[in-house]
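Scroll down for the structure; my scribbles are underneath it.
Chains: A, B, C and D, in written order; residue numbering restarts at 1 for each.
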Amino acid sequence: MKILILPASLRKDSLNRRLGTLIRHELEARGAKATLADFHDYAMPLYDGDLEQSSGLPDGAKKLAADLRAHDALVLVSPEYNYSIPGVLKNAIDWVSRERPTNAWKERPILLCSASPAGPGGIRGLWQLRIPLEGNFAHVHSPMFALSQAHEAFADDGSLRDEKLHKMLRDMLGGFIAYASALNG
Amino acid sequence: MKILILPASLRKDSLNRRLGTLIRHELEARGAKATLADFHDYAMPLYDGDLEQSSGLPDGAKKLAADLRAHDALVLVSPEYNYSIPGVLKNAIDWVSRERPTNAWKERPILLCSASPAGPGGIRGLWQLRIPLEGNFAHVHSPMFALSQAHEAFADDGSLRDEKLHKMLRDMLGGFIAYASALNG
Amino acid sequence: MKILILPASLRKDSLNRRLGTLIRHELEARGAKATLADFHDYAMPLYDGDLEQSSGLPDGAKKLAADLRAHDALVLVSPEYNYSIPGVLKNAIDWVSRERPTNAWKERPILLCSASPAGPGGIRGLWQLRIPLEGNFAHVHSPMFALSQAHEAFADDGSLRDEKLHKMLRDMLGGFIAYASALNG
Amino acid sequence: MKILILPASLRKDSLNRRLGTLIRHELEARGAKATLADFHDYAMPLYDGDLEQSSGLPDGAKKLAADLRAHDALVLVSPEYNYSIPGVLKNAIDWVSRERPTNAWKERPILLCSASPAGPGGIRGLWQLRIPLEGNFAHVHSPMFALSQAHEAFADDGSLRDEKLHKMLRDMLGGFIAYASALNG
């Protein structure tokens, strides 16, 4: 199984990227082939219906759609901005949703994760993030992983200091591989 | 009372812009001073924490914040993208929310409107749009106006063909002026 | 495959029940064994933590949990009350969620449907309904069926007057059977 | 100003009731007249359209509507059940919403609070709770108070051990009184 991991933040030293790195490690330990993507590689303009009509999808959106299709599943690791989806991530979802005749979100198995310095760990944003993905008929896994106090959560070797939490992540990733296998089967 | 009307679409021939024009007319008929903004005037890059740290808020976000402060209230006319907030609008909310020590959304009276060719008229997107605004302590009016079948809704003079609906909009705008006056009082 | 159909309304002459009847017919035409439940059979008091501590789950909640376990999947047909989940349905979800060590919502494949006389057809309520079910790790199918103008939608033989809509329902039920089979596999 | 405080839990030893008691104290210290209601006094059956047609609103719903009208504002203190509104509270909202020609939620200033032993403190439930209230045109204050680790949060005298948090609650209640005064003015 090939799994794309996308940390949806443009910051270089992003907590979500660090969580993505740990997820790659754990997925590979479970026999999956994991690609850790760089959100910068999918640079695209703000959505504009006139621009779409004149020029079609921008290169960054095409590349994201192609990478989604080249993998069997997606792990989206997203910060929470203002209790909801980051505009920059929603913009990418919007562009890819314009693919015709069908778009790359459809029936895509997706696991949502988040890392945040705050108490709720980004979970409110993940609930909002389900909506445009499920609205495009993606298979969004019901368990979600929200890491709170993320700035203090990682040990030097990239694992989670809290072993119980690390085990929970490991189990969730195992469950997600089984879920994606069943649906892609 | 000075009211900013912002149609949150970059399309030239936008149904939301047409609804914004009608709202301007009706607000002025009720004695308010209404400015119909052009979303292009607030052009800004996709949010990036590193960019913010090096350069602060971009000009488009500063102008939007300044225009919000120069008015007593905001009418936001937004399309629905993928059952939620357009990424381009969420991106503008995200940037303006980064103002310090306080941001321009705080205690701003806001009315949410939408125009869409589809049946639900964009109302699902408006419910999602409340969240980042209320999370920033804006006063979002509880009545919202979602115009369905918007491509067939306007008469040549810009009014709504459906008189009952036009009256509902008029009453809602009157109610919003009273609401904003009370809160700004 | 055994599928439970639960119209979540206590009204005798409920539009949601009529939609449930049509769904039973279509599921059986696709080789499934479908049970059309009566919400009255799951009568239970309003949730009260003290009552739970003294008496455990009430009989209605136990019967609902047992019926969920006795089937491979659930089609929930729910009205929308006040833009959200009916209190009476949320109360049933709350009680069943108290089962220990695990509860009957977990990993249950669920399709959400709705019938309403209004324009949006109950779709706003269904989006709210996903939350407690997905929060309990149910597999909620991403496509949902919301029948608007439901009081005029049915022909005398119980089919939908609008053939295109009827075909969409049929296709969605076929897709749901495949989804539930894959996940139960 | 007369303010009704309603802890929406039926448990005797409810954390939400304890928070309600503290809120009463703080409101009275700010010159308001506060009534701490008992949710048991509004006992009502599960909503059933047939029952409504034959018997109208049940006594508990009538009493709740009357108490809402007899006060200038409402502080609703609600637990979170399954990441959403408790069914028992939603049921009360549903019944009261059936009042005609208008219902007691309309234009009611409401502050939402929550107390929970868990980390997010019930805030996810409060966001869901806004929807049916705002859908009925209540004025729901944008700041909300969610008390996490509530089982350890109270000192023996009923104040919050965390002084900063106590001050935040005090300021929010002051802000709510001003908000309700402006809107009722």
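Brief remarks follow.
Note that a contact is a pair of C-beta atoms (placed from the backbone, for glycine too) under 8 Å apart; a residue touches a chain by one contact, two chains touch by 3 or more.
Keep in mind it's a predicted model, so treat the numbers as computed, not measured.
Contact tally for C-D versus A-D: the pair with more C-beta pairs in contact is C-D.
Because chain B and chain C carry the same sequence, their contact can be compared by residue number, and over half of the numbers here are used by both. Distance between Cα centroids is largest for the pairing of chain C with B. With centres taken as mean Cα positions, chain D sits 29 Å from chain C. Centres computed as Cα averages put chain A at a distance of 36 Å from chain D. Across the assembly, chain B contributes 83, 127, 131, 135-136 as residues in contact with two or more other chains. Residues 127, 130-131, 134-140, 142-143, 179, 182-183, 185 of chain B are the ones that touch chain D when the two sit in their complex.
Interface of chain B with chain C (complex): residues 83, 119-121, 123-124, 127, 148. On chain A, the positions that touch chain B within their shared complex are 9-12, 14, 46-51, 81-94, 97, 128, 131-132, 135-136.
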